[in-house]
Amino acid sequence: MTSTVTDRYEPVIGLETHVELGTRTKMFCGCTTVFGGEPNSQVCPVCLGLPGSLPVVNKLAIEYTVRIGLALNCSIASWCRFARKNYFYPDMPKNFQISQYDEPLCTNGYLDIHVDGQLFKVGIERVHLEEDTGKSLHVGGATGRIHGADYSLVDYNRAGIPLVEIVTKPVDGTGALAPVVARAYVTDLRDLIRSLGVSDVRMEEGSMRCDVNTSLSPAGSGTWGKRTETKNVNSLRSVERAVRSEMERQASVLDAGKRVIQETRHFHEDSGTTTSGRSKEEAQDYRYFPEPDLVPVAPPADWVEQIRADLPEAPSARRARLRAEWSLSDLDMSALTNADALDLVEATVTAGATPADARKWWLGELARHANEAGIELSKLAVTPVQVARVTALVAAGTLNDSLARQVFDAVLAGEGDPDEVVAARGLAVVSDEGALLAAVDKAVAANPDAVASIRAGRTGAIGVLVGAVMKATRGKADAARVRALIDQRLSGS
Amino acid sequence: MSITRDDVVHLARLSRIALTDHELDHLAPQLDQIIAAVAQIQEVAVDGIPPTSHATGLTNVLREDEPRPCLTPEEALDQAPAVDLQRFKVPRILGTEE
Amino acid sequence: MDLTRGTAAELVGLLRAKQVSAREVTQAHLDRIAAVDGKVHAFLHLAADQALAQADDIDDRRAAGEDLPTLAGVPIAVKDVFTTKGIPTTCGSRILEGWHPPYESTITTRLRENGAVILGKTNMDEFAMGSSTENSAYGPSHNPWELSKVPGGSSGGSSAAVAAYEAPLAIGTDTGGSIRQPAAVCGIVGTKPTYGGSSRYGVVAFASSLDTPGPFARTVLDTALLHEAMSGHDPMDSTSIDAPVPPVVEAARQADVSGLRIGVVTELSGDGYQGGVMARFAEAVELLEHLGAKVTEVSCPHFKYALPAYYLIAPSECSSNLARFDAMRYGLRAGDDGTRDAEEVMSLTREAGFGAEVKRRIILGTYALSSGYYDAYYGKAQQVRTLIIRDFDAAFAQVDVLVSPTTPTTAFGIGERADDPVAMYLADLCTIPSDLAGNAAISVPCGLADEDGLPVGLQVMASAMADDRLYRVAAAAEAALTARWGQPLLTRAKGLQA
């Protein structure tokens, strides 16, 4: 995006994220929530909304939501209710959704986002609980999408799964970084929620869904622009692209002297742009009222405090702690998080490696293996404990880097633990001085030109001799020791 | 605060009932009459009075996250007007999901 | 002995003593239904095979020496608002014509476990909206006292069935008076238990914060027996009260009102109250005083706003509760000719499937909840509800129970109020306050009005969870009045004697 957009306009962004909780059962009934079951095999009178059925609140869902709220620094309501959101849609069995309206469970929190060394405090307006809808397959029509379909087939397995909705306050002051801040927020939110163990938060599987709100206001005007809501944002990358695309589109509308229509837009992966959906002006009248089939939820203060006390360390706090402990720069830390290597490195350090060694191997050789195999780092067939062992062997002089790489090759190939592999393949460094000297003498004898160069002061030529010795020992020599021995020999000893 | 025929048209759409013209003609005055009767409550002074949405005073009725037996797909679909591929078959849906 | 003239208590005695079999009792009632229901039209569906099979099972188990629960072998009629397996559940509506739910309500499950024999499902105003059963899509029921009169509503079918001796026991639901008012105009006993005292799981919802399942019978003791058997906590219903059922049977047997403080509600009288109704009511109150109760007048100033508050709250909740009837998953589907989209099919189905009163209330409720109107209507009605609760609290600080006529008039004629919704709503004047407050209330017959010889009901109201007090007072009144009459009131019902 040309920075001229943000020269002339100030973006304001907002994000609405829905997270499917990982409870075993649904929000209001005891049906299981396992993904991928046969259609309509995980339904009951309650989640089908059959006449006469009644909801009963899942206690664990409340606990998980409080966990999320506390991790986001929210206030937890001492008393709140569920409300009915009334609208008609075939994937919603009761034609109302049990949600929360003006009494959400958690309010007024924040999440600190770091982007490019800058801190952005993203305010959290509310965190509330609701139930998910069923899923429709649209049949007939060209694209399998809803427009032009002949009929639809509805599966209610997903109907009633607990859904947490997290809404940010409007985020301004991001300037040209708006798209990146949006993405960073969703990424950090995802990591935070994952660390709480309340959801597997996979955007690709739909357990985390994001809608992005974007508006522009003329720079320095002090007024807020009309906001659009963009849906179908299915990956972190799409979050960034959707914000960028909307900023550009709105800028050109405003530049042309026209007005931005407040509406819902649909993001397209292939083009990276948005198209108009439903006009938000024609807003639905949801006729919210307190859910009469449920009684209020009043989380006891001591229960909330216990949940707070049991909260795991937040990812950002952990990152800060490890950065300090390992004395890393921002850039070093980013390298670790971008490669999704932080957990692995920490585990390797716990197993005895130095942070520097752990980082070196995971971000270097092992990352290369992972890329080649097309898999994630964490899916490699080597454990942090094994990596720590290898670094220990190198530190002890049993292995050099080259041998270590061979050990990793063997471990990844399933040949066993590092020690087993070293023994089986005879990969230890040659430490027998006699054998080394013999190899050095051979190399000196075989490379008189190099020797002459060295004696003439061109010390770089020693590399040739070192190389020859390494070759002769099939890499199993400590290069530094070899170099020292060559020096010794050539200086006459 | 009277209800017009247009109001009723809007409300009928909101509640997905395809009222006939005849019904629309009759409903508006009937509803108007009812609204006038219930509008009496406007007389009552209610400042500071909390609303009652639940008469029992109960709170925190919660259940454990334990699975319970559910319906078989056959039972779930048995009364459906139309079924295909073990799913509820419904006429085409216009407009986008929420 | 004519088994259909026995009370449930008497039948229980005969069954226990093996003087009569459950099959005989059930068959006798099925025969009675065959003989008179053509005129009464209390039943929408009969479950003869299922009932006889259940009766046989009871007989087998009794023969095997098993200790059976209280109601084992006693027939019962069930309002068609309760989901029952193997018997259709229509709620008196076309939109659920032929619906066979895949699950059973908690209450009917408990009744079956108690050995009660379900004869069938009874007629009702569509989705429980009405005071006469004239809103049933399947035609009205007729009052056994006079067939041209309504049996009340919305549980009119259950009430008529009991009054016509088609069943000794029946269950219904009370949202604005739909058990008590039919009981009053049919000359039988009916109770609205404390809200939350009986499970709503499997009861098709009309107004969720008001709907209360409850018992009908011809005597106070029978009503108490059924009340006890059907009530109690249900974990499937979040609004269900987790406390023991009040000792209603014991109270019905005790029937002693000496020293009890009774308050006559000032506001539940006056214009619109039939003279004959007020006369019988006054006599009943005098009788209670004679029996040792202390009677005073109590003012509940906000009761006059109960009707408008109710007719805002109930339609609002129902407009949402009835949204699920959309042709997609069960019930009627109209207009699906392959060219129409889902919304059109939904709208055409609801147009064809709902009756006029239901449509009226859905539109009214949608209006009361819609943006811009919520505060003035639904919001305000909920505040008025608080004021009514406070009126009750203040009253119950002075007295143990409140009394009033159950309904301002005796049974009106079929067709008489059908075109005047507001006139129809007035039938609920006395019953609505208890629904709004979630309190317990009972209607017990207190005589016949001079003008028309039709039954009048005495309503007794108590605070939440004080249901037993109702039975104490009702049983005392019943005993004294029956002694005065010389025979049970129902024996004077002429409607089925022609």
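Every chain is named by a letter (A, B and C) in the order it is written, and numbering of its residues begins at 1.
Operating definition for what follows: a residue touches a chain if its C-beta (ideal position, glycine included) is under 8 Å from a C-beta of that chain, and two chains touch if they have at least 3 such contacts.
Note that the structure is predicted; figures quoted are calculated from it, not measured.
*Asks:* Quick one: point me to the chain whose Cα centre is farthest from that of subunit B.
*Replies:* Ranked by distance of C-alpha centres from subunit B, the top chain is A.
*Asks:* Determine the chain that sits nearest the middle of the structure, using the mean of its CA atoms as its centre.
*Replies:* B
*Asks:* Any idea how many Å lie between the Cα centroids of subunit A and subunit C?
*Replies:* The computed centroid separation for subunit A versus subunit C comes out at 58 Å.
*Asks:* So what's the Cα centroid distance for subunit A and subunit B, whole Å?
*Replies:* Subunit A and subunit B have C-alpha centres separated by 41 Å.
*Asks:* Taking each chain's centre as the mean position of its Cα atoms, how many Å separate subunit B from subunit C?
*Replies:* 24
*Asks:* Can you list the residues of subunit A that touch 2 or more other chains?
*Replies:* Within subunit A, the residues that touch at least two other chains are 45, 48, 56-57, 88, 90, 152, 154, 285, 287, 289, 292, 294-295.
*Asks:* Going by the contact rule already set, what residues in subunit C reach two or more other chains?
*Replies:* Counting only residues that touch two or more other chains, subunit C contributes 99, 101-103, 209, 235, 238-239, 319, 323, 326, 328-330, 342-343, 346, 366, 370.
*Asks:* Two-or-more-chain contact residues of subunit B, please, as numbers and ranges.
*Replies:* Correct list: 14, 16, 53-54, 56, 58, 61, 63, 71, 76, 88, 90-95.
*Asks:* Applying the document's contact rule, which stretches of subunit A touch subunit B when the two form their complex?
*Replies:* Within the complex, subunit A contacts subunit B at residues 23-25, 29-32, 38-45, 48, 56-62, 79, 81, 87-91, 133, 136-138, 140, 146-147, 149-156, 231, 264, 266, 277-278, 285, 287, 289-290, 292, 294-298.
*Asks:* Hey, which residues of subunit B end up touching subunit A in the complex?
*Replies:* Checking each residue of subunit B against subunit A gives 14, 16, 53-54, 56, 58-73, 76-77, 84-98.
*Asks:* What part of subunit B is in contact with subunit C in the complex they form?
*Replies:* It comes out as residues 1, 3, 7-8, 11-12, 14-20, 23, 27, 30-31, 33-35, 37-44, 46, 49-56, 58, 61, 63, 71, 75-76, 78-82, 88, 90-95.
*Asks:* Using the touch rule from the top, collect the residues of subunit A that touch subunit C in their complex.
*Replies:* 45, 48-57, 84, 86, 88, 90, 93-96, 152, 154, 285, 287-289, 292-295
*Asks:* Going by the contact rule set out above, which residues of subunit C touch subunit A in the complex?
*Replies:* 82-83, 89, 91, 96, 99, 101-103, 105, 200-205, 207-209, 235-239, 316-317, 319-320, 323-326, 328-330, 342-343, 346, 366, 369-371, 374, 378
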